[in-house]
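Letters are used for the chains, namely A, B, C and D, taken in the order the chains are written, and counting of residues starts over at 1 for each.
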């Protein structure tokens, strides 16, 4: 980080006798900024293998240069293919738009690079399947891959998963998952690539229902067997470069999911929920207890233990900021809350540890594919008057196994 | 209320030169207790026409006598038919179970008695239609009827309706309505008549989704055109008098409703949402603002006004306890919250005022029928793999017109 | 309640072979309305000795007649002395302004009537002492008395007391008690008798700090030994009948109280806390747990149990609406909240049971006197630059003993 | 950050033609970790003058070397005096314990280095006065200094200040400031240097009341004229190296402050408030509006605007995460909350901008001295039975002037 220093700095992280891992990142918009923050800081808090923020890749030379300087990357490049071929690159972090995911990820995996890929896995199911096959082939060669459902690394949600896995809720009966935003509430907000099916795949469904559905699978460690769905576009035309243009993706979506365990989850997402800024709300109702969560207060978990006497039952607001909580020992003293961006810091910590230990990181591309199949089924159902679509034979979700490094 | 007094008490309420209205109430369980509370207190707070709590009707002579003494009824009877024929009875308040609604209500209306009927209107759609026909015929004779969706008289919800009607939310895009309870979360809780289709009609659907759906219709003043639904029974057998018996109604239900205006409402209800005691949650998202409500904090309304500068936007917690708020002028100084039971006090106040003014009270039997049709469509859709059911030709819901007396 | 009925109603409550107790109430403003509500309803929910709402007393014959009709009193009177002498009156409920308390209460006690007296006990310490002496003398004759600190009967606070008494908080270290209102926030709000020392005694101090201080004594069952205090009047003149008049009481007050146990309580009250409507906030911090309460959400109690593992600690929102909670078995199913007015219903229930059992009801006049001495010491300290005032020798507060009937 | 890279990285920040500022930091415990985080990240989000994280100073060579590697410092040193004399160091960031503040800060300022100093200014008033004199002398030479009351840079509190300064609350009448923690609730928690007067100066008072008092001064832009105070130590002995040792600082403190404007603030702090982890609670009550804040939810501000119609008044939860909010444009899209650590990122951003523009940064050492005088007066009052202490002639607090760069 400095031009002149007397004591050469170690590469970030702990080398453990190996050469540091070279990291290349592709894309430097919102997700690139967030991932860079994680790469820049992860080794200041966690004991991770040594790595170097080597190359930032983007199409615009000036833009990528400015971003590299701000975000701590040593070099820049404009051709991702050339970077993937470099011997000093062991990790490729893909923050490019969804329609580029398949091509880059498959190429990187085939080149033997560990891949961290932003969610959703892909814009289409066919792409997602091809990517998963590539990930499976690479894994057999010791090349790891991970899809970036970063909310699995919210400490409160990692704690939620622990409590469920420990049986504190008993049998889970139903889940309410909603992800509500309002950035499209203004009907005069302009057309963007996110509102076109050809570039975005879908709207709120792929963008935020993917997170909500991944949480259902993550928290319950379960699989979806049936889906009924519905999508809607409230504002069908928006001002574009050439006048009003048609919005070809959904503003909001609703679904019910049957899970193999017998649980049922409702999912509701919206980009027009005025006043809800980034509210991923999760409610899990079990026989012996329940959990509540809202991403706008991500340092908190609501927990009701129905096994204590009725007289003293109530939802507890656990401020998930104690050394006893997942990931928190690395941070600040109790009550000093952490920000949204550290979901990525934790994600990259776990990704690095998985590479180091040779364990497949979670969530895998298979997990990403499972979400994709469910999203696809929601669209299929929506096109068929919400009639239930079976996912049997193409089970969506994998029984959860905690990797040893995760959340510890 | 006293055996000996020197100044004979006036009948409750204001006579305005007329003889006091004689009231008979049928049923004295949970709802009978709540309605009695309202009759006993309404005239202490509101200026209503004079009435007398004349007769309490129940099948068990000892039980009804004890209830009458506790709840302030002058007489008791065991035969509701005889009571309906009495000349000194002008109002029949029906708190009997749903399967008795049709027979009693139709008889009472035909006998020329004003009828207040607990929700839901009936256990079957056929009954509901017959009752509505009877109510229409009676209305032509000046005989009024009202279905007891008491939550229309929660001051916070009456305020919500005012704000929506004034356009403070702009076009409403979607509504999230949930009614969550947990009294069946314990799988060993015993069998009751509420868990048998033949006595209860349905489970959470008829009991609490009816409230949630009525609120959607009430708040938006809109009609439902399409329904997709799903129901589920998590605990299929429960201990009864003769061993394990089958539960033949739903524990939980989910639906999406399309409204004539283009809005979409999601509805989710459960009796196994551990830790949620009586939580009717309503969220209304409009173009210019939003509203939040939870029955467990019924004195509060959340309101976000998206027309103020973004810098100072946020959901306000309005403590609906000011004289400026619906019904509140009658009660206590600001900040002294009122209880759930006064939703009935307000309901009976509005019912009495409607009778006095000869205006049809709201919600009418037509409103009850509209809810019934939607519930029926939810079941129909649930039986057809959640496939959307059209309600065209049998529109469910009536455009809202505020009666002059309501909530003022 | 009716002019004609065939089955004469029993007096309210259970006679248990005795003649019903005759009740006279003096005053029919805010507190009279609230007490009447309690008398009118208590026997509908609780098993109490039989009583009759015999006489309502007020100075204005027309006003008192109207109030009696609305509130359910059989007769009216304008001379409280004559009523106190009546043989058919056994209970006198004093809701008259504070400056009349001493005269009426002493006369009633001397006449052998059980007395329920609104708080604060009196406007001056001298009066409070005389009243307490009268109460002690009467008690020796089996005549009971009670001061109306109604918030002792908020179910959530009764539960709080139970938890503290059971040792769930361990040693209590400090308490934060605040009572915040805003009805004087508008500096143009007019002069009233409440803002004159000669009629009101003090301002926020006597009116609402009395409640806050009583809660400290009640919850901890402790005594105050030292007081430092401060008072302030933000708006010193307000428009009266003859132009601007001087406000001679406090708008706000602050105090710290040392308790005999070693605990320290802070007290802060205000009538100009804009946006706080009726917010009595209590926070009790113990070695093993803590409690939170806010009167604006009086059906809830926050409880943190610090003996559970840190990982799952958090303040629970207990919805105090279960049959297991104090007073709640009498009311509605879980989650159906009750209103502020039923603090009085519970108070009168306990008062009646205490009379019936011959046990001195709590809080006694001694308890009221203890609060008065503390208020007096706050004013004394405020006048002496906040310097600590010792209460030794005049200990303020009595060790709490739960009467058998209370809160059960 | 890398050992080998082809495109040499720019120093962090923007050079604007100047050599980058060399930064030395002294101390690497809790505050050193937090400040390092800010130095490491500030230039990734904000446009600041170029600087280099040159030297980390600590007494233990191994410890400081490990910290430097983790936290991104190029070199290490063990002798702060030698570092202060280096020509390539322009900024000294002092995170050493309070008893070392005076010596280091005065030496650094005299050596012509800009100084950022953690709060509180010093352990004694005499030290604080000497430091302030040194800062004034240095400022005349263009050498800047700032005391690290980092909560002035919580976006929600910066917004609060803006709203107050714009008159949105009208005249502020009273403030409730509390800072509640519970890390000493366990009476067996061990002795530390923080619990000894000779090392820590005071307990909760200097550590956290300093923050609460600074906020009162900051938000109101006012001065304190009078103080009444009280302190208490609940656990007087704790296990140390040689058995039970005496705790010689306070566990909790209470004060009331009179402000020059006529407002009154209450301050209450505790380290034994079981269940409160890091809860700095601020409530500001004005004639036309009010504000609420809690550091445990630092992305939120409660705001009540009493100028809107009563019917729709209520405290708004403003999620302070919009580009329109102070500091937020640099971060993430709306609703993606930031963590506690970025109070330091914002502080260092403002410090760098002030150096760049030659403007004295805020809060100055004078501001730190003002807080110190108030803390001193609290102790003086506590020692004199809480009797009010005048601060006239030694006015504590300076009228607030917004530096052009601050919070913009």
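Just so it is clear, a contact is a pair of C-beta atoms (placed from the backbone, for glycine too) under 8 Å apart; a residue touches a chain by one contact, two chains touch by 3 or more.
Predicted model only: the values in this text are computed from it and were never measured.
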* Pair exhibiting more inter-chain C-beta contacts, C-D or B-D -> C-D
* Asked: Among the chains, which one keeps its Cα centre farthest from the Cα centre of subunit C?
  -> A
* Structure fact -> Whole-Å distance, C-alpha centre of subunit A to that of subunit D, is 35
* With chain centres defined as C-alpha means, what is the inter-centre distance between subunit C and subunit D in Å? -> 43
* Structure fact -> In whole angstrom, the CA-centroid distance of subunit B from subunit D equals 55
* **Where subunit A touches two or more other chains at once, by residue number** => 276, 304, 313-315, 319
* subunit A partner contacts - residues on subunit D that touch it in the complex -> 1-3, 5-12, 20, 30, 34, 36-37, 40-41, 43-44, 52-54, 68-72, 74-76, 181, 183, 276-279, 295-299, 319, 321, 332-342
* Any idea which subunit D residues touch subunit C in the complex? -> 169, 173-174, 176, 178, 182, 185-187, 228, 230, 232, 234, 252, 254, 256, 262, 264, 266, 268, 270, 272-276, 283, 285-290, 304, 306, 313-315, 381, 384-388
* To do: Using the touch rule from the top, collect the residues of subunit D that touch subunit B in their complex.
  => 159, 163, 301, 303-305, 309-319, 322, 324-325
